[in-house]
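Below are two complexes that have chain A in common, paired first with chain B and then with chain C.
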Partner chain A sequence: MRNLTVRYGSVVAVDDLSLELPTGKIYGLLGRNGSGKTSLLSVLASFRKATAGSITIDGVDPFENAELMRQTYFGRDSVDATDGDRVARVLDLARWLRPSWDDDYAGRLLETFEIPVRKRVSSLSRGQKSSLGVVLGLASRAPLTILDEVYLGMDAVARTTFYRELLADYLAQPRTIILSTHLIEEVAGLFERVIIIDHGRLVLHEEADELKARGVAVTGPAAAVDEFVAGRTVLGEQSLGGVRQATLYGRLDAADAARAQAAGLTLGPVGIQDLFVHLTSGPRVLEAQR
Partner chain B sequence: MNHSTSEVDVFDERSPIYLQIARGIKDDVLSGALKEDEQIMSTNQYAAFYQINPATAAKGFAQLVDEGVLYKKRGIGMFVSPDARAKLRTQRRERFFAEVVDPMLAEARMIGVPVDEIVKHIGGSR
Partner chain C sequence: MNDWQRVTAALWRIYRPIGLWFWGVITLCLITIDLLVNGFAEQQASLWLLVAGSAAKYWPAVVGVLLVALQLRSFLANGVTRRHFLAGSAVFGLLVAVAFALLVPIGHGIEYALLSLDGPVAANYPAFSATVALAEFGHALPTELAYLVTGAAISAGYYRFGAWGGLFLMLPGLLPMAVAEGLFGLDDHGTVVTRLLPYGLALLASLAITALVGLLFRQVMRDVPIRRATG
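Let's turn to the complex of A and B:
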C-alpha cells in the first residue's frame, strides 16, 4: 500500500497511508472507532477503490482481479447473503467461489459453533451470524484472510473457540490473516505483528513482542519514579498515596533495570491493549493542522 | 556471563510469554525432566498449548539457542545441549543468594523474623 487515501466527501478516512505486509503472518489491526480500519481493509479486499494511492498484492493490483479475489476473504460482522438464504446455500456459494475451500473443516466448525445448516441466515441469532462468518473465513483457507470485528454478538465461549480454531488452522496452514478488533487483550497473543492506526494515519507497525517489550510500568515512591522517568517517553501516570506508577514507552536495558532496582522501583510489562489506549487517547489532531 | 542485551529480562513482575517459555525449558533441564540431547516440543506445539503466535514461541527458543541451552538440527527440531544442565546450574548458583536468599531475608526483616529462627527452621527441614 502506497500513499493510500480514502475520502468520503470532505471526510478523510484513510490519510496518505503506506504499509508493507509480508505474507504468512497474523496481523492485529487496531484503531479506535472511526480511525479508518474498515476503509483500509475494504480497499485491501477491493471492496472499495482508494481515492488516491496504490495497492498491490504480490505485485498485482487486486481491484477487479477475479483470481486474486478468490484468494482474498473479507469477513465483517455480517455474512454476505440474502436474508432468505439457508446456511447450506451460503456454504454452497463459498464452495463454488473458493478454490481452497475445505468442506470437512467447514462441517466440523459448524458443529463446534452449533450452527444449524438448514436454518435461514435471517433466523440465526446475532452471535450465530458472526460465527457463520468465522466458519466461512476459516474454511475458505484464503491466502489473504481479513476478519474485521467479526466477533459481534459472539459470547466468551464462541470467541474462545474462534481464537483456538484460528490459531490451530493457521499452524496447520500458514497464511496471511488480518484481524481487526476492539477486544485486544483476549487475542493479542495470536498477533505476530501489530498495526495501529489513528485518524486514518499509521501510528505504528511493529512485531508484537517488540511492541510489548517497549511498554514498561514503573512503580515505586513518587520521587524515585519521577527521577527515573525524567527524559523518557511517559504515556501515562497514576498515583496512590505516595506511590506512583508511570507507563513508559521505550525499551529498557539491563543497566536501566539495575538502576530501577537500586532505586527501589518495580518494573512490570504493559499489555498491548494498555499501550494501544495510551498511544491513541491523546488529544485529537485537527485535520486542518496537517 | 554474556547475555545479549536486547533479550535481557528487565521485568520484576510477570515476564513476556517467550521469556516464560524459555524459563520453563531451563527449569526442565535443571530438574532433569529434559535430558541432554533430548528433543524438545516444536514451536507449533508450544504455540497451540499457550495459545500464542508461533513466532513468539520461536523467539523463546532462539534465546535459548543464543545462550547455548538448545541446539538446532536443521529440518528436525531443537535439542538440549550436552552441557546445558551444568551451565545453567552454575548460572543459577551465582544468582541464588542475590535472587532467592536476599529477598527472603528482606521479607524476614520487614516482618520481624529473626535470622536464628530462619536458620533453625532450615536446620529442621533438612
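Let's turn to the complex of A and C:
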C-alpha cells in the first residue's frame, strides 16, 4: 500500500497510509472504533476503491482483478449472505463460485460450530451468523483471508473453537491471514505481526514479539517499584498488600534490568492490549515503521 | 466454465425453483379460472395474455432489483469481480427475458387449445396462430428486457447513491419501462398492439433506450462499493 487514502465525503477514514505486508503470516490489525480498519481492509479486498494512493498484491492492483479476487476472502462482522437463504444455499453458492472451496472441511466446521444447515440465515443467532462467516472464510482456502471482527456475538466456547481451528488450518495450509479484532488479549497469541492504526494513520507495524518487548511489567515491594518506575512511562499499576506491579512502556537496557534485580524486582512481559491502549490513547506521535 | 458463466449458472440455479413455482401457480390458477369461466359464458378475452403477460414483465423487474440489492454482495464476497457479475447477470437476465417471452405465446396456445375443446372460441378472443405467437413474442421480449433493466437501474441508483441520488436516478431508470409501455401493449381482449410507431421502429427505439440505460447501469456499478449487510 502506498499513500492509501479513503474518504467518505469530508471524513478521512484512511489517511495517506503506506504499508508492506509480507505473505504467509498472521497479522493482527488493531485500532479503536472508527480508526479506519474496515475501510483499509475493504480496499485490500476490492470491496471499495481507494480515494487516492495505490495498493498492489504481488505487484498487481487487486481491484477488479479476477485472479486476485478469487484468492481473497473478506469476512465482515455481518456475514455477506442473503438473509432469506438457508445455510445450505449459502454454502452452495461458495461451492459454485470458489474453485478452491473445501466442501468436506466446511462440513466439519459446520458440525464443530453446531450450525444447522437447514436454517435460514435470518433465523440464526448473532453468534451463529458469525460462526457461518468463519466457516466460509476458512473453507474458502483463500491465500489471502481477511477476518474483520468476525467474532461478534460468538460465545467463549465458539471463539476458542474459532482460534483453534484458525491456527490448525493455518499450520496445515499456510496463507496470509489478517485478523481485525478488539478482543486483543484473546487473540494476541495468534499474531505473528501487529499493525496498529489510529485516525486512519499507521501507528506501528512490527513483529508481535518486538511489540511485546516495548513494555515490561515490574513486580515487587511497593516502595522498590515506586522508586524504580520514577521518571518512566507507567501504563498501569496494580497493588495487592505490599506488592505492586507496574506496567512500563519502553525497553529496559541491561543496566536497568540489573538494577531491578538488585532491588528484588521481577521483570515480566506486557500484554499487547496494554501497549495498544497506551499507543492509541491521547496525544501521541505517529511512528510509522517499515 | 469461466467466471461470468459461473455467475450465470449460479443465478440460474438460485432462481429456477422460484420461477418454476411462480409459473406453476400462475398456470394452475389461470387454467382453473379459464375452465370455470368458459363453463358459464363465452370467454371474450385471453386471461393468459392479460394476467400472465403482465406477470411475465414484472418478474424480470423484480429480478433486476434483487440482482443488485441481494446477489451482488454475496457474489463479490465469493471472489467474483463486479465485471464478471454484471456480465453473468446480463446473460442470465437475457435468458429470463427470452424464457418468459416464450411462455407468453406458449401459454396462449395452450389456453386457446383448452377453450377450443368446447367448440370455436368467441369472436373477440385473440385467435392463436404462428403469426400471432411471433407477434406476442416480439412484443413481450423488448418489454421484459426493458423491465429488467429498469428494475436493475433503479436499484443500482439507490444502492450506490442512497435515497436522494437514487430518487434522481429513477428518472432515467424508468425510461426503458416507460418507452416499452408506451409502444407495446394489449387491447382489452389481450391482442398485442403497437402504438405510435411501426413495429420495426418501435422495437428499435425500445431496445436502444434499454441498451442505453443498461450502459448507464453498468457505469454506476463498475466500481460500486459493496455495502455490508444489516444485522
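In this section, the second predicted complex is superposed on the first by the 247 of 290 C-alpha atoms of A that agree within 3 Å, B and C clash if a C-alpha of one lies under 4 Å from a C-alpha of the other, contacts with A are read in each partner's own complex, and residues count from 1 in each chain.
Note that a contact is a pair of C-beta atoms (placed from the backbone, for glycine too) under 8 Å apart; a residue touches a chain by one contact, two chains touch by 3 or more.
Quick caveat: nothing in here was measured; it's all calculated off a predicted structure.
Peer 1: Which holds for A:190: it touches chain B only (first), chain C only (second), both, or neither?
Peer 2: A:190: touches chain B, not chain C.
Peer 1: Under the stated touch criterion, name the partner, chain B or chain C, that contacts more residues in chain A.
Peer 2: C
Peer 1: Have a look at where A:25 lands relative to chain B and chain C in the superposition and call it first, second, both or neither.
Peer 2: first
Peer 1: First (chain B), second (chain C), both or neither: which does A:164 touch?
Peer 2: So A:164 only meets chain B here.
Peer 1: Under the stated touch criterion, which partner chain does A:83 make contact with: chain B (first), chain C (second), both, or neither?
Peer 2: A:83 sits against chain C, while chain B stays out of touch.
Peer 1: Name the residues of chain A shared by its contacts with chain B and its contacts with chain C.
Peer 2: none
Peer 1: Considering only the defined contacts, which chain A positions touch chain B in the complex?
Peer 2: Contacts found on chain A: 25-26, 163-164, 167-168, 171, 189-192, 207-209, 212-213, 216, 252-254, 256-257, 260-261, 266-269.
Peer 1: Spell out the part of chain C that touches chain A in their complex, as residue ranges.
Peer 2: So the residues of chain C touching chain A come out as 3, 6-7, 9-10, 13-14, 70-71, 73-84, 222-223, 225-226, 228-231.
Peer 1: Per the contact definition, I'd like the list of chain A residues that touch chain C in the complex.
Peer 2: 42, 46-49, 63-66, 69-74, 76-83, 89-90, 92-94, 96-98, 126, 129, 136, 140, 142
Peer 1: Taking the touch rule as given, give the residues of chain B at its contact with chain A in the complex, in rising order.
Peer 2: Touch residues, chain B against chain A: 3, 5, 8, 10-18, 44, 47-48, 50-56, 59.
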